[in-house]
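Note sheet for the following structure.
Chain nomenclature is as follows: A, B, C and D, assigned in order of appearance, with residue numbering initiated at 1 for each chain independently.
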């Protein structure tokens, strides 16, 4: 059970695709085996309280698959159902998958598309995120890779952004946004002067895939196509390594350096200029190839410090 | 004494009175209100320039700030009621009577002011109609207009948004009226002269550009599968058989979908060069892929579109451009072209009744017309015998011998059977009629009259009203494409099937279109970024349309 | 309980603690033998990039020592700092870094007890108390996931409706009891009994596996999570 | 939420061999359709859970047309709806049937 339409894969946009379409186009054909699929109707027990419709998979698809012949575990969030937010069932599926990865040391690919905690079941969602982080770090500590793919409509916000920050590799497209506080939340709490949530250009240059790639918040920058995400995932799976204290000591140094370098900048364009990129204002307009050329030699890289 | 020069004398008096607020023709913004007290008299007909795009916003604000004791009972004759200030003048008693065409964002408030008796309504016109009445019986005494820059002699540069300015100035300045222009800058030399300085009496340097609304920008990301399906049906079921080459598209996602399907689906059908070559159209960003693919020979524009300036300037073979390189738009000419020179108008609507009248009015909002009724009407003065026009005429009136038969303009209304908030497209009675009764209007605000409509298209099919014989057939043809709306479910299935046999109703399958193929991947651009890339980086959408 | 009272009850013999703009670090003796590191976010401080780095640096220093000394993480925080600058700098990585540091330090032998004695919310809570080996709380603590105005904006529901739901719906409502019911809190300490003894008893009961979903099931706050996670884990092997 | 259930005689049995298929997403104006091959080949059942009340007659008409036109015999169909319009419902139902009628890979 994969893609819905007859859209040829090369015309499929990752940003637009559903979670099932992305997953189907990412893994080796016919290898995906879903665990607790929609036919089991394990839906949220809480949405009914708010008179909201359930989705049969609760917006989270998990299972086993292969990429390039390599067995992996995989999870995909549906960003259009409840904004891809973490609820009790949704989160527990990913928790279970990551706990298994720790036992089997199998690599995990997570297709993020989330606004964070599902507020209608906020306590369950917040806890699910905490459990996922613990399971994820556990899996990485024994050498499993956890690769995050970010390029969906909902971005990767709130607790989802923190989970992404725990992954071994992050792959993002231009559309991919990564953050903790979403623009609406900042505007509501701090006022429109702090963040104008209607200024989409501001949102993307502050939180979007290009900025994250330039400051080392994402490792690979790809086109908005499943084939590009697949290629990058294959590359990332080969990297190996486990998460330990030395990784985190290196990350501490990396994050301190970022703070020291860019602490005084107020806008992404200033950050890019400080990186030494000429014509930083043009960065948002660049197509993938030109952008990668402009970034090369200037961007901060996370490498092993993640 | 001369009894024949009273208007020019009165103008000279006003100019003299205002002289103390001006250095030459230039008035400083801080004395603008006092200046207006000198040049506007109670009861004047006044035009504040503004349509659905550009706005003389600084002058509108100043007029709303005048003293109602000194300036009152004005008769506003203007295309657009767009800015809050356009209605503030009625609230404050500065103005009393109104003739206008279009009121997008103010459509709710205008309805309330009408109901409260604050506005005496002349008429809700079409753009072309109001501009025409400027030279017959609604000639302004004062026109408050907007341009990009001016020199000290008053020569105006309007940039790409020339729009209605030449017509307003012509009607005012040559008939004893007074023209005041707001400009962002007064410069030594203007890049091109759009309005000669001797037609302009005063200038206000505001230091910032006039407001323009990006009204014609549609984000391809918001186009639905159903809109793709309808666009496929329109291209294969209307553009192809009639060979429509000269046309206008209304605003909306339905027409945006058609534009984005031309290079892909239209190309697969082998239609390049055979349809959609000549346009009366604003620079729609969604037309970029078709232009780049070589579909479009020529476009004349009513106005410009925010962000399209550089793209248009780089495609002078397609667009009308001036010696400065930028677009020259002209609303009056383009509306005339839409009325007379186009074989088809196609646009979205909100409500259609069972005769085929359509309207965009809702009980609490009077949006006005803009230009749609001009585009969406069959001009009886037309004599140009194009194939599409003749074919439509033949379908409507097969009995009359060909040399004596009028052609017909193709007027197509598109809509999804259920619109926003699941409101049905087809209704027993238009809300426009109710509104007219409630406000005592002599005429219900009908956008396109039934006898002008030739086709209605929904996701259920195309209804060809040209082929219908009698009111019954029209009604069943419309019910037949009304899907699961109440009126659709009450159709006469036998009669509808008969209409389908005669090709009056065309379902997707009758056109060889499988709704399952109606996929967004057919769109030549699926995001704003795709449009930017298609334009080679020349199109620069406003920030609110970006996701990068 | 006020922080000073808490510290007196935890460390009747005193402790060595320095505070730095809403953050605390130091150590104190445990009853019997040994000592415990103390870290804290106090006075409702929001966790921005600087605060997360400051805490993570100390956690990593502790983690690198080969002595298995546990950590007490005292929490009375705001939420993550909501600002354009923090997001520009990648706050998600800074919070994740702190969470990873706590969990990796634990795997290196330095178990942690999060003590929630005041407020905490959202990303700050995830990176501190909820990343500890176990979270305990004192009565009067006020954890939330998100403030109601933000929730109203994100969910597009009215704030009155949310207030009404909050009063009756534990899974969604802010508050210690609701969160404890979901399994987040291992135990709520009794402020009238010596905290040092409750701390040692708690340290003795720390589990190596994450038992929060099981607790949530037992307490009726999260009916499905434990079973779903277990089934997925089993089928993924 | 409003719930509806229909059980209809289906003139066209579903082809193919797949046991189930799912299309669509529960998002504003959209729906998901889960199809399972679980009934005798001349029967089709449709269960609907929708967040928009008061459209029962429209659902009934859409479902009846769908079963009459498409190869839906033998299918048990479950819908979670978030206010989709009839054209979207019809499209998703057709997509779901096309998917389940494909051969199992």
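Heads up, the rule we're going with is that contacts are C-beta pairs under 8 Å (C-beta built on N, C-alpha and C of every residue); 3 or more make two chains touch, one makes a residue touch a chain.
It should be emphasised that the depicted structure is a prediction, and the values quoted were computed from it without experimental measurement.
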By C-alpha centroid distance to the whole-protein centroid, which chain wins?
-> A
Which chain is most remote from subunit D in terms of Cα centres?
-> C
Which whole number of Å gives the spacing of the CA centres of subunit C and subunit D?
-> 46
In angstrom, rounded to a whole number, how far apart do the mean CA points of subunit A and subunit D lie?
-> 32
Which whole number of Å gives the spacing of the CA centres of subunit B and subunit C?
-> 59
What whole-number Å value describes the gap between the mean CA coordinates of subunit A and subunit C?
-> 24
Residues within subunit B bordering two or more other chains = 516
Residue list for subunit D, restricted to those that touch at least two other chains | 95
Residue ranges of subunit C touching at least 2 other chains are none
Pairs of chains satisfying the touch condition | A-B, A-C, A-D, B-D
Subunit B-facing residues of subunit D, complex = 52, 55, 57-58, 61-62, 83, 85-88, 90-91, 94-95, 98
Contacting residues of subunit C [partner subunit A, same complex] = 49-50, 53, 56-57, 60, 63-64, 80, 82-97, 99-101, 103-105, 107-108, 122-123, 125-127, 130-131, 145-147, 149-151, 153-155, 157, 165, 169-174, 178-179, 181-184, 210, 212-213, 216, 221-226, 228-237
Note: in the complex, subunit A contacts subunit B through residues 5-8, 11-13, 15-16, 174-175, 198-204, 208, 210, 284-285, 287
Note: in the complex, subunit B contacts subunit D through residues 224-226, 416-418, 422, 459-460, 483-484, 489, 515-516, 518
Which positions of subunit A touch subunit C when the two form their complex?
-> 35-36, 42, 45-46, 49-50, 62-64, 73, 88-89, 91-93, 95-97, 99-101, 103-104, 106, 115, 117, 119-131, 133-135, 137-138, 141, 158-159, 161-166, 178-182, 184-186, 188-190, 194-195, 206-207, 211-212, 215, 217, 243-245, 248-249, 251-252, 255-256, 258-259, 262-263, 265-268, 271
